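Please go over the structures that come below.
What follows is a pair of complexes built around subunit A, which joins subunit B in one and subunit C in the other.
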Partner chain A sequence: MSASSPSSALAGAGRVRRDRFPGRPDFWGLLLLAPALLLLFGLFGVPAVYSVIGALAGKQGAPSLEHVRMAIGVYGKDILFTAWLVCLSVAVTAALAVLIAGYLTLGSNRLAVRILGWLYRWPLFVPMICAAQMMRSFLAKNGLLNNGLVATGLLTPAGSISLLDWRGVLITFVWKQLPFVTLLLAGAMASLDRSMIEAARDLGAGRLRVLVGIVLPLVRGPLLVGCVLTFVTLMSVLSVPMMLTADTPTMITVDMAYRINTFADYGTADALGLISYVMTMLVGWIYLRDAARQRGLSR
Partner chain B sequence: MRKSTILAFAALALPGALFAASARADTVLDVATAGDQNMVDYINQYLGPKFEQAHPGVHVRAIGTGPGDPGSLAIEQKLMAEKKSGAHDWDIDVAVIHQRGAAQMVTEDLLAKYRGEVSTGKLVTSQKAVNALGTNVEGYVMPMFDSQVAIAYNPEIVKNPPRSFAELAEWVKQHPKQFGYNGIKGGMAGIGFVMGWVNANAGLGDRLNAGPYEEADKGKIDAALASLKEFNKNATLTPGNAGTLDMLGRGEISMGAVWADMFYGWQADGRLSPDLKLVLPSPGLPGQPMYYAIPAQAAHQALAREFIELATSPEVQAEGIVKRFNWYPGIDAQYVQAKLDTKTWDHLFVDITPQDLKQNAKPFPISPYFTTILNEYERVVTQ
Partner chain C sequence: MTGLRWIPRGIALGLLAFAVFGPIGNLLLWAFAERWYWPHALPSQYGLAFWARVFAPRADAWGSLGLSLLIAGLVVAISLLLAVPAGYALARRQVPVRGAVMLFFLLPQAFPSLPIYMNIARLFYSVGLNGTVPGVVLVHALHGLVLAVWIAAAAFAAVDRQQEEAARNLGAGPFATFASVTLPAALPGLLASAIFVFLDSLDEFTGTYFVGVPDIITMPLLMFNAAMGGNSQIASITALVLLVPSIAFMLVIQRFLRADVVAKIGG
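After this line comes the complex of A and B, so read on.
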């Protein structure tokens, strides 16, 4: 084999890459990273540690589970409700994102694909609090949605109901997060080798079959990333449950704000924060385990 | 002159003009106010400009810290942090706070005793200037205004509004989901309703408002809250003080617990039908003043006193507090009534008469009962 053959060129490129990134940490590289790391440490690491300490310390400062007991005892239903509502929001978002990204990839009507591709990104640019304010008048009993349905004859005034409860929160969460997950998925789907899709279509597979059987397994990674990031984002939203519903149970972010604002009770708020960390860590662990398994399979 | 040259001059001149404008206002009086947006509006739109007019070179900067007691707590935390840091001059010159916040801040030595040094101090006769939820605050505060939680209703649907909590409970059974209040996490109107319910149903009498606190009363409070849980099954929980008014305005509920001043303000702005009315059922609902206070180490103490002097003058109380913002006056009513026409004065007392206020306007419970009721509400009603 000559020195200029493709395989030896590839091996040479590999050597060059290894030389450029030696095992010893590069000073300038670390310097470049330092501001981001310092910010991460100062704005997330330190408060997170204090929050854990606050949750696990009693009134006298000695280790104690009293705040955790209080959080679970008084806000147990809210904790379960938060987990349920966020998981449901993630599931609905993921399902709709798969359908939209699937149509963007497999749709045959070019005009419809272009319109959908233009439309779906819009909520991405609306802040969460503005979305909540919009939904507050949109989903009310005599709000825009019901009035529109009544005007078109699809609903009678007596049959209209307010969606300003957990359903309103769910709708807002899905509306707000859908473009983000769709963007990730549509990008991943667009970069797939289309020959497999076309081969399946040539063999008579319908679009839905191609989406579920071929495309979806190939974009499993980005979908999982989108779901994990959506879960983490939604776990931290305060404005939406606060502005849309006063119903109980409610999300634990509302409880945290209430304990701090009304009682200056940082201990219970910290304990609720700790529970929130545990829930997001659990989801993160599921993702990492799956990613590791995928890497194992690909090797 | 070429267009680009003009633009370049303009670009240079603008920051200069802005700098000159800010340099002229060499003193900034920071007024931190708890409460809803109307509190910030009052300072920005009415009181601030009036004070600046009388004090050239002074700029009044209003900072809203949020509705309800949490807004006052935010001010308390800021002042406490400055005290602990050993700062000589504190950032806030005038604080506008609720009773609970005032009681806490007086106990923590965060406020200056100034009422005796303000000429309008002697115009204040209300007991609320002396006692805030069981804590002696005499000298540290001046009431800015008084407001009252009441029940707003649509007289087209509610022909005979309930005159007592028992009548209200009966009405709610017959008209499910037509009464709304905003729970305890969305503002003080909802908290006021809960306190009124406990006052009506726990049988604690004056002890709730005057003390002493007795731990054994928890059982009676729990029983009252258990009946509120039943009541809630037929009530609508609304998202916030404004949420109740929104739902009333859209016709989604026919009755709701609201702040009287917000109600009148929304009617004046055209956001609420002028046909809606207020009622104050017996044995009463709580109301509370907002206080003007000066932090112990405020940077501009003398200017702060002058600001409060203006704010509590009969002219400002008549024009700003009663006429423009529909609040009950903070100083003795006789000094204010003399400055207003009969129509304006009467408008404030059409639905809720002075007699109603005398009989059914209650203070909020003293701090230990207040905290117990909120905690027990979460335990008994919501979980």
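After this line comes the complex of A and C, so read on.
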């Protein structure tokens, strides 16, 4: 960074001391790092290993797949439902985020862009559990959504429906995650070189075409990062499915809490946890493979 | 012609505004509703009676609010106490296997937390930390520490090296240099991470749900219990109390987190 500046050339004294033994590890650096690493090891490393052992150990402590088999046997439908609902939420969030970030980048009317930029951020730091409580009343039969539709004449009072089932969970997830993915995406789009966009616009390409054909491929990386982080977040949300729906199938987070609180059955709960790790790793693997391929293409 | 284009724009922005503020508005209505029966579109009576009940001198809400603030304060203290040296080491020292260490600090964000929390609860149960303030502080410190280390490393990396080197040349020792040059320059970033960690702890539900039972009822748990008990007014009032700091933070965050620090996160 500042290697060629005169002051850093003068400042060699501070560094020589460190480089005198190039093979020796930086003792002070490690000492500074150790407490944080130890705490993280205790609060994440140990429980993570425990959860995997808990899932794969049988009654006598020998490795066995009985818990996994039990989890799939009893909660197979919930596992598929969770994967489907989380993937759908991520897809809807990504699609809406592309539209909003796209308008923020390509929109021609400054006032509309400013209003949109002000509007979309509000739920950014709203806690998931607050979002769940809001949606519990908003989406209910007597909620503002139905009342609003009745007031505008789009719906008759008798035709109002409660959305407190999987649709409510989907809406809450999208409502909560949309600002985060949009923020990532709008940031990436704002740092793009505008000349290519201007050139395409000059040649007569419509805004939607520029968005899908030029802008989107260039922000593929940040979009996928947002999708992966959203997937991981939604995979461990307990409050929203608990508060919004009592239906079956439900999300496996609810099943894990139920196995522990009702039966103190850590084996099945850990097996469900292991299944959620596998789903997350699958998504992470897809992302890493795509990132590697993109890097290969750009070379 | 340009006026006509505001029709689709206005409809789209209006729908989005309804989607964003509708749920918040519904929460506000419930928080101030004293009587609201189906099929009335709006409450038939407004008032502060439920507020008085929630914030009565001996009600649960004060205890929960105090507990939540105490826990969040302790989480910030622990996280920053460990993250400042760790972030400095990652930004400035030649730590061996730095990439692997950074990856380890990323892993808790890349894994579903719930199975981790339930095993923390299981481990804490055997050492008597379940249902205690230190237990809940530790479970919140997991994500607090990760957030704080990443932001602290970025904040220290963004400090101008030449200023540190100038101080060293003038005879200041490493500690004096850190205290008088590096730390003050990184302070805005560290402050931002402290607010992040504080809010994260204040809003945390899942870890508290597993580790805090049965004695530690923070604000999110109080809200959850009220909601599951069917008391919409009390749940809405507690949700509103949690909502205010989150929205205030969203409105001021840009001033706290400078762009050059954000650019260094993960670097």
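To be clear about the criterion, the second predicted complex is superposed on the first by the 259 of 299 C-alpha atoms of A that agree within 3 Å, B and C clash if a C-alpha of one lies under 4 Å from a C-alpha of the other, contacts with A are read in each partner's own complex, and residues count from 1 in each chain.
Keep this in mind: a residue touches a chain if its C-beta (ideal position, glycine included) is under 8 Å from a C-beta of that chain, and two chains touch if they have at least 3 such contacts.
Please read these numbers as outputs of a predicted model, since none were measured by experiment.
A.B. asks: With both complexes superposed on chain A, which partner does A:81 reach: first (subunit B), second (subunit C), both or neither?
C.D. replies: Neither partner.
A.B. asks: In the superposed arrangement, which partner chain does A:254 touch: subunit B (first), subunit C (second), both, or neither?
C.D. replies: First partner only.
A.B. asks: Looking at the overlay, what does A:30 touch: subunit B (first), subunit C (second), both, or neither?
C.D. replies: Once the two structures are laid over each other on A, A:30 reaches subunit C alone.
A.B. asks: In the overlaid three-chain picture, which partner chain does A:164 touch, first (subunit B) or second (subunit C), both, or neither?
C.D. replies: Only subunit B; A:164 stays clear of subunit C.
A.B. asks: Touch check for A:243: first (subunit B), second (subunit C), both, or neither?
C.D. replies: Both partners, subunit B and subunit C.
A.B. asks: Does subunit B (first) or subunit C (second) touch A:262, or do both, or does neither?
C.D. replies: In the superposed model, A:262 contacts subunit B only, not subunit C.
A.B. asks: So, does A:143 touch the first partner subunit B, the second partner subunit C, both, or neither?
C.D. replies: Touch status of A:143: both partners.
A.B. asks: In this superposition, which partner touches a larger number of subunit A residues, subunit B or subunit C?
C.D. replies: Counting contacted residues of subunit A, the larger count belongs to C.
A.B. asks: Regarding the shared-chain residue A:135, is it in contact with subunit B (first), subunit C (second), both, or neither?
C.D. replies: A:135 sits against subunit C, while subunit B stays out of touch.
A.B. asks: Go through the superposed model and pick first if A:173 touches only subunit B, second if only subunit C, both, or neither.
C.D. replies: In the superposition, A:173 touches no partner, neither subunit B nor subunit C.
A.B. asks: What residues on subunit A does subunit C touch that subunit B touches too?
C.D. replies: Dual-contact residues (subunit A): 136-137, 141-143, 242-243.
A.B. asks: Can you name the residues of subunit A that touch subunit B in the complex?
C.D. replies: Going through subunit A, the ones touching subunit B are 74-78, 136-137, 140-143, 162, 164, 242-250, 254, 258, 261-264.
A.B. asks: Hey, which residues of subunit C end up touching subunit A in the complex?
C.D. replies: Subunit C reaches subunit A through residues 5, 9, 13, 16-27, 29-30, 36, 38-42, 78, 82-83, 85-86, 88-90, 93-96, 101, 104-105, 107-120, 122-123, 138-139, 141-142, 145-146, 149, 161-162, 165-166, 168-169, 174, 199, 203, 205-206, 209-210, 220, 223-224, 227-228, 232, 235-236, 239, 242-243, 246-247, 249-250.
A.B. asks: What part of subunit A is in contact with subunit C in the complex they form?
C.D. replies: 1-2, 5, 7-8, 10-11, 13-14, 18, 25-26, 28-30, 32-33, 35-37, 39-40, 43-44, 46-48, 50-51, 54, 109, 112, 115-116, 119-138, 141-145, 147-148, 150-151, 157, 175, 228-229, 232, 235-239, 242-243, 253, 256-257, 260, 266, 269-270, 272-274, 276-277, 280, 284
A.B. asks: Mind listing the subunit B positions that touch subunit A in their complex?
C.D. replies: 66, 68-70, 73-74, 77, 182-186, 190, 237-240, 243, 246-247, 250-252, 371, 374, 378-379, 381-383
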